[in-house]
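Naming follows writing order (A, B, C, D, E and F), and every chain is counted from residue 1.
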Amino acid sequence: MKRVLLTGAAGTLGTAMRKALAGWAEELVLSDIVTIETLNAGESFIACDLADLNAVVDLVRGCDAIIHLGGQSIEGTFENIMNGNLKGTYHIYEAARQVGVKRIVFASSNHLTGFHSREERLNDKSPMRPDSLYGVSKGFGELVAQYYFDKFAIESALIRIGSCLPKPTNRRLLSTWISERDLADLVKRVFIINRLGCTVIYGASNNPCSWWDNSHASFIGWYPKDSSAVFEEEVFRNDPLLSPDDPVLLYQGGAFATTGHFEDV
Amino acid sequence: MKRVLLTGAAGTLGTAMRKALAGWAEELVLSDIVTIETLNAGESFIACDLADLNAVVDLVRGCDAIIHLGGQSIEGTFENIMNGNLKGTYHIYEAARQVGVKRIVFASSNHLTGFHSREERLNDKSPMRPDSLYGVSKGFGELVAQYYFDKFAIESALIRIGSCLPKPTNRRLLSTWISERDLADLVKRVFIINRLGCTVIYGASNNPCSWWDNSHASFIGWYPKDSSAVFEEEVFRNDPLLSPDDPVLLYQGGAFATTGHFEDV
Amino acid sequence: MKRVLLTGAAGTLGTAMRKALAGWAEELVLSDIVTIETLNAGESFIACDLADLNAVVDLVRGCDAIIHLGGQSIEGTFENIMNGNLKGTYHIYEAARQVGVKRIVFASSNHLTGFHSREERLNDKSPMRPDSLYGVSKGFGELVAQYYFDKFAIESALIRIGSCLPKPTNRRLLSTWISERDLADLVKRVFIINRLGCTVIYGASNNPCSWWDNSHASFIGWYPKDSSAVFEEEVFRNDPLLSPDDPVLLYQGGAFATTGHFEDV
Amino acid sequence: MKRVLLTGAAGTLGTAMRKALAGWAEELVLSDIVTIETLNAGESFIACDLADLNAVVDLVRGCDAIIHLGGQSIEGTFENIMNGNLKGTYHIYEAARQVGVKRIVFASSNHLTGFHSREERLNDKSPMRPDSLYGVSKGFGELVAQYYFDKFAIESALIRIGSCLPKPTNRRLLSTWISERDLADLVKRVFIINRLGCTVIYGASNNPCSWWDNSHASFIGWYPKDSSAVFEEEVFRNDPLLSPDDPVLLYQGGAFATTGHFEDV
Amino acid sequence: MKRVLLTGAAGTLGTAMRKALAGWAEELVLSDIVTIETLNAGESFIACDLADLNAVVDLVRGCDAIIHLGGQSIEGTFENIMNGNLKGTYHIYEAARQVGVKRIVFASSNHLTGFHSREERLNDKSPMRPDSLYGVSKGFGELVAQYYFDKFAIESALIRIGSCLPKPTNRRLLSTWISERDLADLVKRVFIINRLGCTVIYGASNNPCSWWDNSHASFIGWYPKDSSAVFEEEVFRNDPLLSPDDPVLLYQGGAFATTGHFEDV
Amino acid sequence: MKRVLLTGAAGTLGTAMRKALAGWAEELVLSDIVTIETLNAGESFIACDLADLNAVVDLVRGCDAIIHLGGQSIEGTFENIMNGNLKGTYHIYEAARQVGVKRIVFASSNHLTGFHSREERLNDKSPMRPDSLYGVSKGFGELVAQYYFDKFAIESALIRIGSCLPKPTNRRLLSTWISERDLADLVKRVFIINRLGCTVIYGASNNPCSWWDNSHASFIGWYPKDSSAVFEEEVFRNDPLLSPDDPVLLYQGGAFATTGHFEDV
């Protein structure tokens, strides 16, 4: 890879990906609305408000590929969601079209399907059932990606990221956890293959108590190497069982599905 | 019905629905960003910009039901789409939640699935493949509706309207046509039944060359009474055959799928 | 038809079928645990407790066909369900095997799938989700029928009867109603065709707000002639709308699904 | 239609189609290996052995469309099947490619799926299970058609014809019958629409005891107008019931499925 | 686990589970109609006839969990099946409801689906096709479990046990074998997770020639550790090939599917 | 195995299989239209033109099993395809019927489904979409096999071979590669099990970027031991990325799908 853009680079996920992708591209262009002070070798930084199309076009120019983690990454006000995730994702794709970038990793989220029951096994055909405005905005992003693929042949990996953390620390995370290594491997894989299409991939490690089926995406050739299995004993000990009727257990989205409207809080 | 809100009442579809729904509700509250001068008995008018949440909350207050046709109804700039269809639809649902309206008809569109081939038969499980930013915005609206149903129990009929016109005047319309009577019947049916859920319904008359399967929604009990069959001969005569390879024939969305990006035009 | 056995002949459904099937068979052998005093031409009566295998074998002997409506037809104590529906149905099939009857109509029930939501469309592949011990016992009967088909080639029509009544008198019945004529037509059809197999058929008239799909059974060639459509206006007027959240509306089984355990009552 | 080629024109089906299609095209070019002596207005005749590619190319030249009924239409020796149906159908498609004909009606057969059980409902996705070498050859023809569509954009209607007869005269025919009018309507419909693709259609009238589901082909807009229902009573009277275990009843292909290898007879 | 009830503890499977579960619960309450003389540390014994509801309620009282292996475990007279498996399983669930036990392991059986062909791959949606009255009774048990889940929120693992033996000793067992360790792991897993629902799980080890797909139950997080692969060579040597047409090979249930009615033997 | 026939033994695949199957059968009868001069222990050779039925009957006589690799193995003239693959495969099955061979391995090909997109995951239910006349002929062979199974109980493994080579040397082969060891294991497995049916199996090793799903055939118990994963790095280095729009990347068949008609070349 020559020059790769990483949006949302100042966030937790962005920071993890900076580390995990170190040395992969000749230049990793970091971007965020927040300034990143300390740069490593091979990194550069461009501050950018994703709600500003012209700024995004400038940002994208000269990049071979985009890893779009930017925007609001948890529930927020509609104003925040709209600026970061609706405008933001539209601007990324529209800039890619204008500038000629042909392949994008879009950080979608399991919260796009968070209102499915925990006893369901989801794949790329499962109906979208967002558990939050945040989840709705990720669905919008996937539709924008699909539209730019069908009309303008821009390919996307729509990674419905579970929970990218150093390790799973509670029972829900045993199902949703993805190691930083597995996610970075997936990002790299996306750019080493001939055809990507516009493909949904659930971003989870090889966890025993899995909710998600990626077999439709086997052509990509990515397989997670880590597993939550090694953390099960510790988690079972520390996170006590709840009643199966506890609302927080009903849906895959967990607390996102039980929390009321953000603006009421 | 006591007091029903009809948004987008000044548009073509809104005007047709005013006529077709005459006498159905005690009060039909018309709303649009454009002023409607001439009111019929049982109609009132409130001007409203759907991009203004407070105005929408005021608009919705006191209504039993909402028929949401408002917003941008063809492809437009992202600015227009965002104000009319992203903000607009979100505001309708959020206002309904705040005010307590429990059932909404949302005018979705066949352009949400316009990149499916004309040889495919779609139902409510078919992947969304929007043919335009307009189509993307209708998908956003459906996701908002699904979210407000799963979390706040607001029910919706997501009517993916084909083409509501006096009669089908070309070959594509033979598949997509819905008569004004059939659409009005569907709207009324939505409010006469006990349970609606959040249900996708393709809005088409009983056309022979149909692309869409509504059998999943049979519990609603709506069946179209009109058919494009009686217009076939006339259309076949007036609208000459194209080569099957003509791009405009490939996709259900027709010219929406072949037109480039709006902002380029 | 020469000699046909009708069990449960003294019940409401049995009485309706006696009338609707009059003249169809040379001899219609009525049976019930309750004595039927008045017989019409072509009818005979044999009292029988279905919980007694020997009595059932005697009953079945000499019959060409069995229409098995007998047993408990609503929720009851496990004792009643066991005697009437578990023992009873097993005895009917075992007697048929011993005596050589090769085709049986089994009155199954929509309460075998009563815990499905009213927004679902069911067919023969839908999981059994009984709403009562009564519903469980109908599932047992279907399994017995399937077993006697797979091992002993006894064919069955497993009619999941909705509500066989003179007319639908409330909103739920608009979906579940089957006219006596339609049900009698189905029973007759079962015996006029070459192959029946062991086939689930939802017993409902051609109702607009249908929950059930019989297309898998189209080879039988039965189509209902009646429809609840003509009763809709009257029902909508007399049966007021409930809140969509009312528990009694959630499931197809209606009050069967919300009532607690029979023995507690 | 200007100039349409009808192969197999001297056969029973060909003769029926000549009558039913009279006046439809400016010129109906009849072809067969057997000479047709009497021509009607608008008809011409060219003798042709379908096993001879050059002859077929000459035959096809100048035609707008092909209705390919030719070849062996019942079980035969492999020699006959190979010449008439393997070579024959390949030659038709290859000639169409060389000459530039873009749309073909191919008379496929229900015997391509004749080893499916009579209790199964088939559609275009059902596995091919031929009941005869004849059935195998129809599958070959469909694969040739699919190949010429995918690579050379020649469109086909693959009509799996049931039994095209003046009326159904036995019980099996109640399921498989297609009236000459319905078949001719379908043939005409194929050429009046913009897009055909390469589409399987079961050729049967609107029969109550149907085995086949054409809903995938609804975009074509063809609906049969006739039904075997009006003949049921007569057939039930004249064609006595067999035991459900009779091998001839097990499979849709009837006697084709129970007859041994042709060459042994 | 505090106090766990194990029914059918004197049987072969019960004895294996006693050993495999040793030390897992503070108290393992063994029950059977046959007295168990020798108890290990942490075990107690209560004799119980499952056909006696009051006795079962007493048995269940004070237990946190139930592992229900009791009843008839092979084909038997209807009398035996009824007492052990129909009454027995109903009594276990009804006692659980009365006493407040919320999670049950039910030993269902592969003989519930024993009339499926050996070339079919089954999952939780596969139709029930019992190969015996025993199989029918397991279906009844699953329906009771489903009913008590839907109405009373009692969760169940419906383990369709293949063949729990020290090792597979014939060819059929290569497909159906489950090691005692794998089954015990599954039982323990059921009680360590937050949500179980009412879930079918095929009880088989990780066998190469598998007939069953448990991917729908991946949320449980159980994976078998053993495999019949290591026994293949020995079995292939000792169990000679039969003709593929041998009836005993046709169905998954093996000899259960070919044996006639028990009462005739 | 006693006496096994290997057709196409002089070809590349045949040569590889000779080596990989050495010592497996008491006698491996090699056959080809080309003479094989050097025979190993346990091998014999019979020259045979598959287009000659009598010769094929003689060839097959006395064999227990057939591994049919013979015929045209790449695109060719229709004449060649017809003689080698249409006549040839028909003759093999017809000879097997006449002589009494009951189980056949048929070397089908991934080019039977070569017009599916590379983003699709295929299984045995996927529609046949041949990318060449060669692919069409493999579909013909599968239909012949299905017919001889349904009517004459001759079992077949229809192995849709990817690319059997020492190692994968380009990007497409990373998906389609099958090692000689894996293919030989599959061939042997076919003859060691009791039931084979007529089963499609995609012949590929355990490759990460797989297009094919063999889970329907798990009852056979074959699992590939090799994987293209170990060759990925080398291939990625040596085979440069193409534009995702390059026609040769669109379809699984690769260049077979983009090459025009053979006879034109």
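Following the convention adopted for this analysis, a residue touches a chain if its C-beta (ideal position, glycine included) is under 8 Å from a C-beta of that chain, and two chains touch if they have at least 3 such contacts.
All figures in this text were calculated on a predicted structure; none of them were measured in a lab.
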Notebook entry, point to check: Going by the stated contact rule, which chains contact subunit B and subunit E alike?
Noted result: A, C
Note to self: Count the C-beta contact pairs for B-D and for D-F, then tell me which is higher.
What the structure shows: D-F
Item checked: Equivalent interface to A-E, taken from B-C, D-F or C-E so that over half of the residue contact pairs match -> B-C
Next item on the list: Could you label the subunit A-subunit F interface same or different, taking same to mean over half of its residue numbers are used by both chains?
Entry: different
Check: subunit E and subunit F are the same sequence; what rotation (0 to 180°, nearest 5) superposes their CA atoms?
Finding: 120
Item checked: Whole-Å gap between the CA centroids of subunit D and subunit E -> 52
Check: Using CA atom averages as chain centres, what separation in Å is found between subunit C and subunit D?
Finding: 42
Next item on the list: Please compute the C-alpha centroid of subunit A, do the same for subunit B, then give the distance between them in whole Å.
Entry: 32
Check: Okay, what are all the chain pairs that touch?
Finding: A-B, A-E, A-F, B-C, B-D, C-D, C-E, D-F, E-F
Note to self: Which residues of subunit D touch subunit F once you look at their complex with the stated criterion?
What the structure shows: 78, 82, 86-87, 90, 94, 97, 115, 125, 127-133, 135-136, 139-140, 143-144, 146-147, 150-152, 257, 260-261, 263
Next item on the list: Could you pull out which subunit C residues touch subunit D in their complex?
Entry: 102-103, 153, 155, 192-197, 199, 215-216, 218-223
Check: Along subunit B, where are the residues that touch subunit D in the complex?
Finding: 117-119, 121, 171, 174-175, 207-211, 213, 232, 236, 241-242, 244-246, 249-250
